[in-house]
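There's a structure below that I have some questions on.
Letters A, B, C and D mark the chains as written, and numbering starts fresh at 1 in each.
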Amino acid sequence: EAFLAAFQARIDAEEKIEPNDAMPEGYRRTLIRQIGQHAHSEIVGMLPEGNWITRAPSLKRKAALLAKVQDEGGHGLYLYSAAETLGVSRDQMTEELLSGKAKYSSIFNYPTLTWADIGAIGWLVDGAAIMNQIPLCRCSFGPYARAMIRVCKEESFHQRQGYEIMMTLMRGTDEQKEMAQDALNRWWWPSLMMFGPHDSDSQHGDQSMKWKIKRFSNDELRQKFVDATVPQGEFIGLTFPDPDLKWNPDKNDGKGGYDFGKIDWDEFWHVVKGNGPMNRDRIAARRKAWEDGAWVRDAALAHAEKRKARAEAAKIAAE
Amino acid sequence: EAFLAAFQARIDAEEKIEPNDAMPEGYRRTLIRQIGQHAHSEIVGMLPEGNWITRAPSLKRKAALLAKVQDEGGHGLYLYSAAETLGVSRDQMTEELLSGKAKYSSIFNYPTLTWADIGAIGWLVDGAAIMNQIPLCRCSFGPYARAMIRVCKEESFHQRQGYEIMMTLMRGTDEQKEMAQDALNRWWWPSLMMFGPHDSDSQHGDQSMKWKIKRFSNDELRQKFVDATVPQGEFIGLTFPDPDLKWNPDKNDGKGGYDFGKIDWDEFWHVVKGNGPMNRDRIAARRKAWEDGAWVRDAALAHAEKRKARAEAAKIAAE
Amino acid sequence: MTDMNEARLALVLRLADDHLILGHRVSEWCGHAPMLEEDLAMPNMALDLIGQARSLYQYAAELEGKGRSEDDLAYMRREREYRNCLLVERPNGDFAHTMLRQLYFAAFMEAYWTECLTSSDETIRAIAAKAIKEVAYHIRHASEWVVRLGDGTEESASRMAAAVEALHRYTGELFQSDAVTDAMAQAGVAPDPASLKPAFEQTIGPIFAAAGLAVPESDVGPRGGRSGIHGEEMGHLLAELQYMQRTYPGATW
Amino acid sequence: MTDMNEARLALVLRLADDHLILGHRVSEWCGHAPMLEEDLAMPNMALDLIGQARSLYQYAAELEGKGRSEDDLAYMRREREYRNCLLVERPNGDFAHTMLRQLYFAAFMEAYWTECLTSSDETIRAIAAKAIKEVAYHIRHASEWVVRLGDGTEESASRMAAAVEALHRYTGELFQSDAVTDAMAQAGVAPDPASLKPAFEQTIGPIFAAAGLAVPESDVGPRGGRSGIHGEEMGHLLAELQYMQRTYPGATW
């Protein structure tokens, strides 16, 4: 208990915890779970956007989308590395993803049906991710906080790019406007769900707040997101698919904010439990990539060992 | 020798040879080779046309193409059955096709690049096939002759359908006309090559003629094809890619016929030897289908055996 | 009355899209089947499906009355306008998946067309009368394979079970009722899909039993096809399907 | 002079198509690579290729002078108008095929761009200067894999050998000269491709040796890409590539 108190004191003093520091098992477990989920989300998140690379409507957009998907892979890489500092291997995490034991952001269980979905994902999904992640740049665990700083910078570029796709569509033909509106209709509610259950129903919230892994509650972040996003959408002529959405000048301690409708939590849990439109296809795609790639990874290992053996033999021969 | 003479006498009397009849080994071998090649051509021939089923430009054309490809499979089936009466199994013939030992019509080693190629194949390739096959309806070997009667009827339907595709294109937009002309440019010479080398260079010709497996020489059939096809093409406004093509009133014993240019036999042998644009892709596609299907064929066999064992057990129990 | 016409059009388009898209999938096998007999059976089934799709699109075009042709409807809509169920657009997978998908759809359609034989809609009656014979062949062919594979080798049994695990959850969508099907059922045009479940189960049950397969308890899975929310494979399928019509708009073929 | 402009345009379009189509193929791997590092490397290489294609199409559009944009050239031509070599359109196959295809193309382009550094054409000089750095990375990355796989496990060695057997015959087309390349070589715009073979072999040789692979004696195989005669996979690739531009002609994205 003295240890726990000392640890909490370091946290309270805003000291960063580093991998070799002693830490409570629960802290380590929570971080492994959260960083792992975050990494998996980046990896699985490559799929819905990857689905449009070969059909991107212009070379410029194709290049931007390739760069974005590459960035996501990069984020996955930093995050797996951050988790590895806590004593879990990337292979282990991958197995947990493929077996369905580890979760990833449920939003990626929706399909990308039109090009506008690429805009909507950038604008809304990356926008929501940033809301979640900016506070993580000050997370108590050093490697995670540092990874987040880099990730946030790139995500905010992606968010602007996504918004710009939506803007271009809203300035385009009627078909394009319809496409953009349809994408907003489909992605808006799932984006709000990205912040997780209401604070009253959230499992891990309090302890994570105390350990400064989390710094804002789910509902606080969701409100920030709505307040930031609604004016952006309205500015380009989009209508949010929520009849209860309206400006409330009394909200946010009198600074004003948006009231919004009830989230369909049944839908949320339905998808989290694996019954969303794309859950199985996502995991199947990742599993196929992993299994089809086994011989490649084996070969890389075998070659590295051969090289090492040859280098040692050469060294001995030279002695 | 008495046997050979008696056999030749039957042939000369236009008697049909049936599977259980005694026949010279050379006769059997020639037929197995020829019927096998013919069957393989039908099977491999499904691929270039199959390539356009999912992209057929109208539902009507899609249905017609499906029906055509199905017919080709059917022809393959009759022909394999005819060859089986000579004591070679379908599996054996398939292995020879996949190993590259058995040949198939070299024309299928060219790719179908546009929709017009579907028209050109029907019109030219099926047209050339009919020229080759009509005399085979009177082939001395009964099962082959009977298979050919059915095949020819369907092929001539395909030929008309192909011509009608070309006609529709030639009545269409400039782009469609260009597409049709381009297809003729690419398929014309390979179609002429379908009749095989000049009589002076043909290996199997004389003996096959004597045995009435063949009834016209390669060059005779080629001339018939040119004479029948050129007016059809000109009628719809196509230009044949042969500057030497011209009407010669003295040809065909004064009935008139077309003179035509020199065939590029180097190209022919290049493709026959496996270096055509699609040789490897064709065999690879058939091999993949065969290998991917192995578990299905094994299961069918295993199931049939299980059923048989159960039926026998039931019979014993009932006694 | 306009609402009834709209519902009728919506219904016919759903059926047409189901047949077109399944026909497209089946046709992808042409020349690549596990044996020559199947190289014949696949285009044969695809041909039946495309033929039924044509009759349905022709009727839809007539109901719509805007001068669009069967090809305009089949080729020139946007992905979100296609109303096929998700089952038919599922990728072919292996031969077990393809045959099971065929069985599920044919077992449903047999029950559906049987009810349509007494439809108040003359055109639908006529389409049903023709389709019901074809669908019987599809059931026979597909069920023979489901039994052979389920009761074949260890590998085939496990592939067949994997197909059931993957596809059964797409059958729930077939039985979904909504405003369109309610209106059509009331007007005696077409059955309430929900009412067809017993007949479907009666077809499937003995086949699964003979194949040694368990019928999964739940058929709940992804839905959305009827409102144009498809899977990600659909767009790639349409890119192929529509290629010529999109590249050469207005041409006659 | 018109002929020279036409040859220049033809040359630039060939190069642009090579880069676009290979970039497309490589991009098909995104999210499906054998390991996360390759899920980064694939879009990275695709991005380089698409970037080079953009510069080349922009230049082609300028040379053509008909007001067409880079996207018009990349998306709105018919299959027979694409002039890429057949190597770049070959399907991805397994990872060994993809890496070998990348190595072949990059080894050729390194020699090509090196010569272009002293091109009489300023734009080509500029494109070459940028591309040559990227191509060096592609060679490094691909050759590391060719060596690892060739000198890895038994399975990887046999897959790598199969890739060589399948793809080497497509390298012959890279070195083909014709009226276009002759005119451009004479004008000092771009090298005669036939002259690049020694440099190509010098790049490939040591890599193959380290990988335990034999360089096939013959590089003769299918040709025709430069006159728009492609393989059958090309049409399916284009159906995807062109989908949006064909479906929504004239829209801005």
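Just so we're on the same page, a residue touches a chain if its C-beta (ideal position, glycine included) is under 8 Å from a C-beta of that chain, and two chains touch if they have at least 3 such contacts.
Bear in mind the structure is a predicted one, so any value in this text is a computation, not a measurement.
K.L.:
Quick one: which chains contact chain A and chain D both?
P.N.:
Chains in contact with chain A as well as chain D: C.
K.L.:
Treat each pair of touching chains as one step and give the shortest count from chain B to chain D.
P.N.:
1
K.L.:
Where the centre means the average of the CA atoms, what chain is farthest from chain B?
P.N.:
So the chain farthest away from chain B turns out to be A.
K.L.:
So which one's got more C-beta contacts, B-C or A-C?
P.N.:
Between the chain pairs B-C and A-C, B-C carries more contacts.
K.L.:
Report the inter-chain centroid distance for chain A and chain B in whole angstrom, where each centroid is the mean of the CA atoms.
P.N.:
57
K.L.:
Using CA atom averages as chain centres, what separation in Å is found between chain A and chain C?
P.N.:
Chain A and chain C have C-alpha centres separated by 37 Å.
K.L.:
Per the centroid of Cα atoms for each chain, what is the distance between chain C and chain D, given in Å?
P.N.:
Chain C and chain D have C-alpha centres separated by 41 Å.
K.L.:
Can you tell me which residues of chain C touch two or more of the remaining chains?
P.N.:
Where chain C meets two or more other chains at a single residue, that happens at 78, 235, 239-240, 243.
K.L.:
Among the residues of chain B, which are close enough to touch at least two other chains?
P.N.:
55, 175
K.L.:
With chains as vertices and touches as edges, which is it: line, ring, star, complete or other?
P.N.:
Its topology fits none of the listed shapes; call it other.
K.L.:
Kindly provide every pair of chains that touch.
P.N.:
Once each pair is checked, the touching ones are A-C, A-D, B-C, B-D, C-D.
K.L.:
Help me check something: in the complex, which residues belonging to chain C touch chain A?
P.N.:
On the chain C side, the touching residues are 78-80, 166, 220-222, 224, 229-232, 234-235, 239.
K.L.:
Would you pull the chain C residues touching chain D in the complex into a rising list?
P.N.:
78, 235-236, 238-240, 242-243, 246-247, 249
K.L.:
Quick check on the complex: what are the chain B residues that touch chain C?
P.N.:
Its residues touching chain C are 43, 46-47, 50, 53-63, 66-67, 69-70, 73-74, 76-77, 80, 90, 115, 165, 168-169, 171-173, 175-176, 285, 288-290, 292-300, 302-303, 306.
K.L.:
Please give the residue numbers of chain C that touch chain B in the complex, ascending.
P.N.:
Residue positions touching the partner: 20, 24, 27-28, 30-40, 43-44, 46-47, 50-51, 53-54, 57, 70-71, 74-75, 94-95, 147-149, 151-153, 155-156, 159, 240-241, 243-245, 248, 250-253.
K.L.:
Mind listing the chain B positions that touch chain D in their complex?
P.N.:
Contact set of chain B toward chain D: 48, 51, 55, 111-114, 175, 182, 186, 275-278, 280-281.
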